[in-house]
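Each of the next two complexes has chain A plus one more chain, namely chain B in the first and chain C in the second.
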Partner chain A sequence: MEKASLSFDQAPPFSAPLRFFLTAPLFALLAGLLLLWEGPELLLSRWTPGALAATHLLTIGFMLQTMLGALIQIMPVVAGVNIENPIVFARWVHIGLTLGALTLVSGFYFSLPTALTIAAIVLGISVSGFLVGVLRPLSRTPSTSPTIRGIKLAMLGLAGVVGLGMLLAFSLAHGWALPLMALTDLHASWGLGAWGGILLAAMAYVVVPMFQLTPGYQARLSWWFPLLLMICVGVWSLGVLLDVSILGRLAQAVANLLGIGFCGFTLRLQLKRRRARADVTFRYWQLGLTSAIFALIMGLTATLWPDLATSNQWPIVVGLLLIVGGFLSFITGMLYKIIPFLGWIHLQSLGEYKVPAPPMKKILDEPAMNLQMLAHGVALLVLLVAVFVPELVRVGGLFFAIASGLLVWNVFGAARRYRQHSKLILEKLGKL
Partner chain B sequence: MSHPKTPHVVDARYMEPPEPFVKTMEMLDTLKAGEKMLLQLFREPHPLYKVLKQNGHAYEVELLADGTFEILIWP
Partner chain C sequence: MTTIKNFMTEDHRHCDDLFADAEQAIGKKDIAAAKGAFEHFQAAMLAHFNTEEKTLFPTFEAKTGMSMGPTQVMRMEHIQLRALMENALEALAQGNIDEYIGQADTLVIMMQQHNMKEENMLYPMCDQHLSAETPDLLAHIEAELGEG
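Let's look at the complex of A and B:
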């Protein structure tokens, strides 16, 4: 087993990704509390201060946090890309993201132009810092797998979503005369498509077969999906820039079709899995894929009948399905694999393979994860209904706050148990 | 299990980590001079590559249409 230990030596210390994983659920909890506090007002339209604040609590506070944290951890493993000084790097990116997200959300909620400006600058610097730290080693890595190519394209997507976000924040703060509606849609397409969608696919190519024991993604499909999606977002951007709406609509239609294809294909792979038991990650992915398919079908429908999307409810339903139903489910499902797995690996290496690490379920057990997922599923359902029945918004908010609170409990509990086991292992090691 | 590239094959496509790594290292230990082994996976094992390089092994990788990475390793 001594040789086997070598494989994990290049992984960054657990604290590097863990700080992101611990903070992210707190942002989701804040979003739930905001829903509970604001009530029906929040879901009236996607332009209300509360809706903008809640959206960014989830997209930056939860999604971006976990995605960057997970990338710092996983890039050495899936791409052979090692970031220099991962602990210092993670600390600065994490502080910048956390402060930037909180400032941005305050700026939206309390309509504070200065906060929006500061947040745009802080988030811009933090993400640029991340990109600079990652792009150097990434540029030296040849794209030998669809995952590496996907990660490279996703970095372009990250630059795009943050660049557009900064432009929008400055426009809002300083009253610049820009087509805000079209730019906001474009910002969302870079965020959820070019960044989130492509990164998700690049990770899915590795984690779906690895953790759920399914067949692999066909090589041709996995090479082309990220590139085609990026081309769609590029054409969409061109449509906005040149003010040619048909270009944008065409690109949206193809992007939605690509997304439906990817989700459908992943569902099919899951049906062929060799792991008999459906665990919480598997179920979270099924929920995520199904929600995303509904959202993308709605997106596709809106490109054919654009009047539909002008109603206040339509974009909120799509957003709930894609962000709460889709991305939050994928990410939480993966956290439930990654955290116990990393904990176990680090404990094993801490014990120098002389003191055995406890089984993964001692770090995070299945019933706690299942309960959290149940609350998340109920929250999603109630919130979807609440778009049409405003009296239910607070109930949905309560369930979402419960689900996020349980996630906080689970993740902090796992970190606490990890520390306890670390101490025990070191004590045992000292007695050997 | 035999394969046109070599009779020494670790088909790790439906194994959970770290089993593929452990099985590969075990098989490498049993190889005789001039023999090669093949690892089949649905991903590229970058941590293994690093160990292979450190231990002076050579390898080449082929991605098949079904998404299988075939990693041919020799001492």
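Let's look at the complex of A and C:
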């Protein structure tokens, strides 16, 4: 621990996380354009090539990108975990993820077995590389906070979701005789629960009190939630492995209840916020938590009436609520704080504390973020209705493409303004 | 026995509470009350920085020989936080709520990530290296915070 602490001024350079944050919205935009292009076909069932492609544009292209980028940035601060050569590390992980995601999505969309195989290998190598890079410093850090332990558990979740994803891709490509549906549900539970859900909770413990000055999460709850969720996913996996479906259903029910509890608790904490004004990050979290609660209630209902889960519409509504309504909202809300703050802090040190950095809103302004969130909210609503009214799929796709396009505009704009201010600051510094 | 980590963390929470008072007043558009509360908060923060820079950090540095390590980073961040507090207070003095909110946004994140580094890393290191000195050190720190 001491060694890690000694170097805790070595926050990674801005470009290490920024490359992930810039690429991710482009993938969301691609998903929007795909919806627009494909139309009603895409939302017919979760198994259409278009739906599989769109799902992975969002989960790998957007979610995994931003999550790994943010981890590279945040682990030194919250856990004293420093990655060696962060720029080189970030560059390779980023290239691997980007190429892997594009190949996988083409494999799904155009039904290309070779692309699926290559994508599985590329993504497997990239994520393994990431895990190898962080596991050593992470294992040296004692689990002194629920966040550190949550991050460690989430790494297990990441290994699980990618491992299962590779297995599924190989099975699809080579026609292996595996129970694809059960494995796909399991893959999703590792991805959205053991990886996404646990990482989200670990981050929420830090950022919810931090951004909104709410009281902290109750220590015992925050300590147990990630572990219990991981146990559920473990039991679920055992159920699939031993082909005991009741085990999976039971674990699924408990996992959904845990998620509802976590979201409800976070909503309640946010009611006690002590900041002067609700900002876009806060509203994005409210949207995310509400959508996630609806999705999890639907998930819970499906464990009681399994016929629902095999219908075409039910899983799509759950997926939209959880991914577009939940994770995309949480992540975008956090990006809107992280990007301007990182910009500010790097400008601050560039000016060597002699030339002041401009305030965060000069890097990314509130009205632009609000407009983007409005488009995102409308897209979510229209897409939910479009599951039942196919004529609306293209309208939903259009709104989603607009929302993602505005996000692209906002993050690239922030990066551009950051560079402009860097130049100004260096000029001023030269004249001093 | 109280540890350095517990004691100093509690003082961070105390400062957070004072900052929250200012935010609440802004929420009610009561600039005069916000300014008063913010000055209160600033005084508590400065007292906290002061005792760290004059007492805690030098003791840690003398004992461990690490004078360019974590304490140096914390000192730099104190400079940034002092400037942010000045800016926010100036905005309040001018009655400019929007400007205040912009400054406070940066201040909040900067302050919280700074506290996090201290609470998760520096204070535990202090507890580890300064266990013999802790009772005297804490008495001294408490007195200094009281003066502030």
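Some points to look at:
The working rule: the second predicted complex is superposed on the first by the 424 of 432 C-alpha atoms of A that agree within 3 Å, B and C clash if a C-alpha of one lies under 4 Å from a C-alpha of the other, contacts with A are read in each partner's own complex, and residues count from 1 in each chain.
Simple rule for what comes next: contacts are C-beta pairs under 8 Å (C-beta built on N, C-alpha and C of every residue); 3 or more make two chains touch, one makes a residue touch a chain.
Please read all numbers here as calculations on a predicted model, not as lab measurements.
Of the two partner chains, chain B and chain C are each touched by A:79.
In the superposition on chain A, contact of A:274 is made with both chain B and chain C.
Once chain A of one complex is fitted onto chain A of the other, the partner contacts of A:307 are absent, as it touches neither chain B nor chain C.
Using the contact criterion defined above for the overlaid structures, shared-chain residue A:145 touches chain B and also reaches chain C.
Applying the stated contact rule after C-alpha superposition, one finds that A:391 touches neither chain B nor chain C. Touch criterion met: A:205 reaches chain B, while chain C stays clear of it. Contacts of A:217 after superposition on the shared chain: chain B is touched, whereas chain C is not.
In the superposition on chain A, the residues of chain A contacting both chain B and chain C are 1, 4, 6, 8, 77-80, 144-145, 206, 209-211, 213, 274, 341.
Taken in their complex, chain C has these residues touching chain A: 16, 19-20, 23-24, 26-27, 66, 69-70, 72-73, 76, 79-80, 83, 101-106, 108-110, 112-113, 116-117, 120-122, 124-125.
Note for the complex: chain B touches chain A at residues 13-14, 16-18, 21-22, 25, 42-44, 46-51, 54, 61, 63-69.
Those residues of chain A whose C-beta lies close enough to touch chain C in the complex are 1-2, 4-6, 8-9, 77-80, 144-145, 206, 209-211, 213, 274-277, 279, 337, 341, 344-345, 348, 353, 356, 359-361. By the touch criterion stated above, chain A contacts chain B in their complex at residues 1, 3-4, 6-8, 10-11, 76-80, 144-145, 147-148, 205-206, 209-211, 213, 215-220, 222, 274, 341.
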